[in-house]
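There are two complexes below, and they share chain A, which is joined by chain B in the first and by chain C in the second.
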Partner chain A sequence: MKRTLLLAIVISLCAGSALFAGRRRAVALPPQDELTIEFVAVAASTYGDVIDLGVITHPGRHDRRRTIVRQLFGVRLTRLPQVSGGTAVLRASLKTDDPRCTVTVDGIRLGAAMAMIDPRVPLGVVTTHRLEIEVPDSVPEGPLMSGIRWEATTN
Partner chain B sequence: MKRLLIIFLFTVAASAQAKVHDGALTLSPAVITLRGASGQSTTQVVRLTNGTSQDFAFDVTAEDVIVRDGKRVMSKAGQIAGSIATTAAFSQRSGVVHAGDTMAMTVTLTLPPSTDCRAVVVLFRGTRKLMNGPLPVLANIGTLLTFAISDDVSLDAGAVAVTPPSSSANASISNVCINNGREPVVARGVVAILDSRGTLVGRAPIEPRRLLPSERAVIRAEYPSDLAPGRYAVLLTLGYEGKTVVQRGDLVVP
Partner chain C sequence: MKKTILVLVAVATFAIASTASAATSSGTLTVTGTIESSISLTVESAGGTTSGTGTAAATSDLGNISKYGSAPTGFTLARGASNWTLSSTVGVQVDKANLTSTDYTLTAQLGSAPASGVTWKLNGSTLSDSAATTLTSTGTYGSTGSYSWDIVVADSAAAAAVDNAINFTATSN
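Here is the complex of A and B:
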């Protein structure tokens, strides 16, 4: 009786697994690790000379007048457990492209599409990036831009 | 406009007096390596932790990672033939992770019957601005998933380039590698430096490097210790998926 019961359980388990198997699952190979993105404002006391409060003018060329804002800021990408020499991809875009101003990060012009800032950002350290916003004086008052989108993925 | 900018900049200057560290967004796992066959599907759990002081609202998407001209490029779901990203099914397409909370969600991906694509990024795209000091930022963070469906792995390691040490720089060894197989590989290895008698005088590790099919990368290592003047042989050994590639170069220390 016990043997029959055991056989029945085994058959039903096998049948059940066959019925519910559907597609075979691919096998994931650990390890489980994590990627962190962190934005770090860079102290003005250290980099105060880079924050430019001035207005660049071109005497006699009113149509060339413009205002440029520059700021340094930091992004730290971290991977745990730590990967020696590990890197990650850092891309950026504007949330909405604002044709009234030009925004660059490390000299790379940003738009609505993601732009590669650095394909191999070292992990675990703050990397400093230079944001520059250029606005012609002809642009009327109003909010400049809605924000910069940063994207980090593992290499 | 100038007035507005000046106000903005004073705000920048005032708030940048101290370093701001307003927490971080963490995604786990950062990378998932999968092995399977065409037609198989996989369901993975991804966890997002919001370590900032603000709620993080997001949409989640998948994008294919392809290689063009030796470099990785991300491609929106469905834009390439055999897109894996287009098969992505998420337990939820959007959500909010409150400050300090962790949210887990699942993504199911199916390998199309015929595809050259071998990697996907699952991206959490922030939809609400986070303030980084005065600057509004949006954050995307993604998990890389790679797929291997065959044993066709091959790495083409180019000639070794060796730069002798100088008073201001270590000896450096590099070579250009191309994954000319059909599957992703992670190459790792070591550089061995032998003197003229063939005796090992030093070694330097090569950091692991993931290469998708057709991806090209410069593998580098530095040898930080001093070397006596003379002629050395440099052996660069790369291992991947149980295979080994060895390249030889010469180093002359003046």
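Here is the complex of A and C:
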């Protein structure tokens, strides 16, 4: 009985392999699924994949030891070839970290490790997210730059 | 035979499932800006019935004042031979943000010429509307500096309003 079973498995694998090989030869491969991530302006200060917060000045209240700047921006995930529906996991981390500020997206503080921003982002539509930059009043003035790395994976 | 079929189905299912994979994409969003240094000045306290303390625009109402009347709230009244003086203090705080400066200079200047016979003083120095008077050149950020405030009224001064404004200016050193 064991021999019969083993023989059946070997035959089926060989047959399957031959079947798939035949298909590869006969039918063109469907285009590989591709997912694109695009940043969309929802405010005047957003230009493509750059958000310029302009001049960041402390509000002047002596009971606040930090300056917080908020900015909305949009993300659109598109799957090619286009299919209706579907969702993706959206994660983000700091690619380049300016130690003078903290960066949060949708209330989630970003660091070197990828953090989950949204587990189910609908594909093909623009979802709005809130960027928040917090600058302590103790850090010196000067230009600021942070790079946020984004990663999307279809569910 | 049944076992053989089951195994074949399992193998086929595994083969199909292993061909499905999630699509992944990545991108970078760059955030830029310029942190600008700043200082802020607030009036924390003052004699009289004061409103707007804790802001940069406070108002003190002294009501009706006279040599032989009572002193306004928060003031003392000293009667001299030919004049009388209302005395109090003004608390001014200067805060800094994103600035490496360690101290500041604070000046004061009257918003308009004082009424005839009326003298305004801060820290013992007479104020004018034409030039700023330095109150301190080593002010400490984040703490309230208290400055003596005197209004000296000559007995010869006409009965009239003494309204005026003291404009403070803080400059980081």
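Definition applied: the second predicted complex is superposed on the first by the 94 of 155 C-alpha atoms of A that agree within 3 Å, B and C clash if a C-alpha of one lies under 4 Å from a C-alpha of the other, contacts with A are read in each partner's own complex, and residues count from 1 in each chain.
The rule we apply is simple: a contact is a pair of C-beta atoms (placed from the backbone, for glycine too) under 8 Å apart; a residue touches a chain by one contact, two chains touch by 3 or more.
Quick caveat, the model's predicted, so the values are computed rather than measured.
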item: Partner chain(s) touched by A:Thr154 [first = chain B, second = chain C, both, neither]; value: both
item: Partner chain(s) touched by A:Val103 [first = chain B, second = chain C, both, neither]; value: second
item: Contacts of A:Glu34 with chain B and chain C, given as first, second, both or neither; value: both
item: Which of chain B and chain C A:Pro140 touches, first, second, both or neither; value: both
item: Partner chain in contact with A:Phe73 - chain B first, chain C second, else both or neither; value: both
item: Partner chain(s) touched by A:Gln82 [first = chain B, second = chain C, both, neither]; value: neither
item: Those residues of chain A which chain B touches in one complex and chain C touches in the other; value: 33-39, 51, 53, 55, 67, 69, 73, 79, 95, 131, 135, 137, 139-142, 144, 146-155
item: Interface residues, chain B side, partner chain A - complex; value: 1-6, 8-9, 12-13, 15-37, 39-44, 49, 51, 71-72, 74, 110-111, 121, 123, 125-126, 129-130, 132-133, 135-144, 147, 205, 207-208, 210
item: Residue ranges of chain C touching chain A (in the complex, touch as defined); value: 3-4, 7-8, 11-12, 15, 21-38, 40, 42, 93, 95-100, 142
item: Chain A residues touching chain C - in the complex, by the definition given at the top; value: 1, 4-5, 8-9, 12-13, 16, 20, 33-39, 49-58, 60-62, 67, 69, 73, 77, 79, 95, 100, 103, 131, 133, 135, 137-155
item: Touch list for chain A against partner chain B, complex; value: 23-29, 31-45, 48, 51, 53, 55, 67, 69, 71, 73, 76, 78-79, 83-86, 89, 91, 95, 114, 119, 131, 135, 137, 139-142, 144, 146-155
